[in-house]
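Read from first to last, the chains carry the letters A, B, C and D; within each, the first residue is number 1.
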């Protein structure tokens, strides 16, 4: 059984996806339990695979029994094991959360929704698990296509936003494919491990340089790194609630994973330092991304759109951690992939629950929301504090490592950007917390109990299927913080190249 | 110069195609033109990959005739057959490109249903000011 | 240092009020007595736990508990040494009267959102104890930030415009300070690879003098914001919009003392006296702090709002503590650290009095207090005792710490600082005695009740208790809690280690 | 606004084109049977595929067997696109 975990991780959701429309044809209500059941399998298998990696190191799995450079190999190491667990867990929670949102926004289309959800998860897991460059492209397209379909079903501007996303996303994926082509042309291989062995002799070939450039640009587009982020705010804002909850936290993070793979597994780290100054360029792009993301987020009043701009800044964090090219920086980047996925997921869950309850997404709609939805807002406070980097929530620890990385690299501008960005986040979130928890400014403060009777606000909490994932995510955010030392010792430190 | 270009002429064609496609995707304001640009763009990549697999000197399509079930293997020479791998990859890429086009067309249908136009500027104008919406007629 | 005991007591001392906080939230508004019961129960248990640590610490032992490793070489670790214990004992002791007083205060004024109030209160105490017992800079920072956040709802409690503005100002100052600290701690870690507090400092020998001076400046700026050191003091008077028990907690026990505690930790346990002498920055530091002492005293004179006046007095006294420590001599350190405890008792009494006056009469300006001493004799007696203490008059405890501060200033041959300390005592007299004079000797205002009409018992008893305690500590500095011995041990550890 | 947009696309296109042309220099001669792409992995397909998979068409052999999971992915892509289109265009329930 254990030997088959890698195959199981992909095949289970894939078969599940193929069967979902058939099940949904007759029994539409069965789609959700079916999807949940299917999603539990990769979570279990990914957990098992991660444990096996921790116990006995990375392992491969040759599909169809063909040896690696000729056949396709699945390769699970510490980084991919961690990502698999992350994707599977968020996928499962997102599927649990989806029920009320789907029955409200996408009524009658449950089979399609759950099929696409499973395909999305399959695609993301496939990207992470495979050890073959072209296979990554195929899975990237599976996840992108299911994402296009899901997002286009959103509110008013969604089809237009999706079309832009398709165009830009295709440019990104095609650039990635071009990168694969150049590497193939120069080496004749598609397997990452095989390429990593061949490439060091060819670092000064122009083909490799061009290939690398296309790789990074393509992945940066998928990731929403600053000048290439244009598709992101519209697409994720207009997407239906359950959809943005699923896609927004994962897609950018998986793209960041591909970037780390390319820069640190496929190429040696010195390639990005000495051969081409990619690290420096990426670092400054990250600075701009963090600043612009923060400023744009400050300018938004729609909280969902605000969160998408925060995501742009957070992508900047990850890229910055990668770009400083040292152990704490990369540790922070990988830790931040996990933490940020949880935090963004939590935010979208909460936004989904609030919208489901019929409240608007503008900041002024948050007035008195703590009395209507106390648990949701408590979770919101936890996520917000984590985003501001307040310990012991997990956001603090990834920020710590990122800052350590910039300090070790002596990039003081980067450190200060990171710190300022936490302050910007504090402004962003405290203005909402203020709105939700405190009486309106100048609106006749009800200082004392006496005038309590004038307005009775009824508690109107989100349904359990939404609330449970929200509370679980909030708990995870707090627990991940103190556990980060253990996670790093067990997993992340092995994912950082030994050269650092 | 000319010889230099001619020596790898299909790579030059691929570059030109790709630039055309990229320009159409980014610079054109009509959504269908953008989509056509996307197809040109993807086609150029296919051309690129297939060009990698070419072998001059009499190589032919990689179908081995008359060697049933592992006999007479000594007759197979690598130089006689084109590189099969880029073709395999491109079969997949073509399918991906078709699938993407399909989904893009579906969103175009949605867009057209909603705005009755496929000009990006008009759509932006309608979204900014819904009263400028033209009824289908 | 002596023997190390591994015990979970420090952890429980932190956790007990955190657990109580969640019980308070769960109990909610419907069962008030049960909810307040949790507060008091937690306060008593916490006091018991902290009290039981005094004896082993005085015997020269250190109590340690490691929870979980956070970074290589740095864990979420509690380590109770003499200095940390002092702050812990002060916080845990004063939580008990504050709890009773708070209950009286919010019930008298029928405050809204009482569950939130008590929740945050308990969280503050939990994190204050965490700050006190933190074994390394990172643990300290974690609890320090929790303290920052947990205080915010208390500052904005009234939810009117000035409260919200005060809250915003508070957040801007303290969160920026938190970021500065994060950077400073990060640099420290990258220089030394460790963050564990060591008596006499651990950073010496790492990094160039210039970098170390910059680092010290960042640390002092980071912790100094909460301690109200002069360019960063602005938030403190604004935060006076909070309910009075909160101000008492902010100014006597929790937030500001955490800032001072952090400064002292950094000066003595990260940098160490020797390094500071070498770098030659201690005079600059002492100069900055002395400036704060004098200017805050002068500004206090101009305040008519009673709580704002107390706030400036706090800034003045906190700077005095840091001044004592930064003079780096044995007696000045003793005086400074002892003042950390003494000031807590005196200032909490003063705030309790201010709150009692407000709860009873809704008066909060100095000029409105004429003749009120006849209506509220107990409150005014307590106020007088505490004010005398802050002016440095025997037999109140403030005299002892100021005495040691003066000795220390003489010891270092820096007569200017002796003048600063004496001037500050003069200023204390100048801004406290008018209040006392108004209360006792001026013609009563028409709305003053002719007979004794005190605030509720739940408020008056705590404030009398703390006032009496001030006198007892003034006569017998080692009474009950062994403050003086603890302080002496802490100083001996730093200078001997 | 419109011109600004065109300018950006021109810049992007020219940059991409320049990068592509820059890459052409080092490419192996077109059609070279000994170029890395033709020499590293693919010879084994040509030599072995017929024997191991009993398929004369090497492209099919690689497609369906050596790199079968790519093809599974390819099928999934079509399936995804089909479901996406159905999801978007189907009128039952949903909006209006």
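In this text, contacts are C-beta pairs under 8 Å (C-beta built on N, C-alpha and C of every residue); 3 or more make two chains touch, one makes a residue touch a chain.
If you're wondering where the values come from, they're calculated on a predicted model, not measured in any experiment.
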item	value
Chain pair showing more contacts of the two, A-B and A-D	A-D
Nearest-to-centre chain - CA centroid comparison	A
Approximate Å spacing (C-alpha centroids) for the pair chain A, chain B	29
Averaged-CA centre spacing for the pair chain D and chain A, given as whole angstrom	25
Distance between the centres, which are taken as Cα means, of chain C and chain B, whole angstrom	70
Centroid distance [mean C-alpha coordinates] between chain D and chain C, Å	67
Chain D: positions in contact with at least two other chains	20, 27, 35, 37-38, 41-42, 45, 67, 70, 73-74, 77, 80-81, 84-85, 88
Multi-chain contact residues (two or more partners), chain C	none
Residues within chain A bordering two or more other chains	134, 138, 141, 145, 148-149, 152, 184-185, 190
Contact footprint of chain A on chain C as seen in their complex	67-71, 75-76, 109-112, 141-142, 145-146, 148-149, 153, 156, 158-161, 163-164, 167-168, 171, 175-176, 178-180, 182-183, 186-187, 189-190
Interface residues, chain D side, partner chain A - complex	19-20, 22-23, 25-28, 35-42, 44-45, 65-70, 72-74, 76-77, 79-81, 83-88, 90, 92-94
Residue numbers on chain B that touch chain A, as the complex places them	22, 25, 31, 34-35, 38, 41-42, 45, 48-49, 52, 85-86, 89, 92-93, 96, 99-100, 103-104, 106-108, 110-111, 114, 123, 127
Chain D contact footprint on chain A (complex, rising order)	14, 17-18, 21, 63-64, 66, 69-72, 106-109, 112-113, 115-116, 119, 122, 126, 134-135, 138-139, 141-142, 145-146, 148-150, 152-153, 182, 184-190, 198, 205-207, 209-211, 213-214
Contacting residues of chain A [partner chain C, same complex]	385, 388-392, 396-397, 399-400, 403-404, 407-408, 415-416, 419-420, 422-423, 426, 430, 434, 437-439, 441-442, 445-450, 452, 482-486, 489
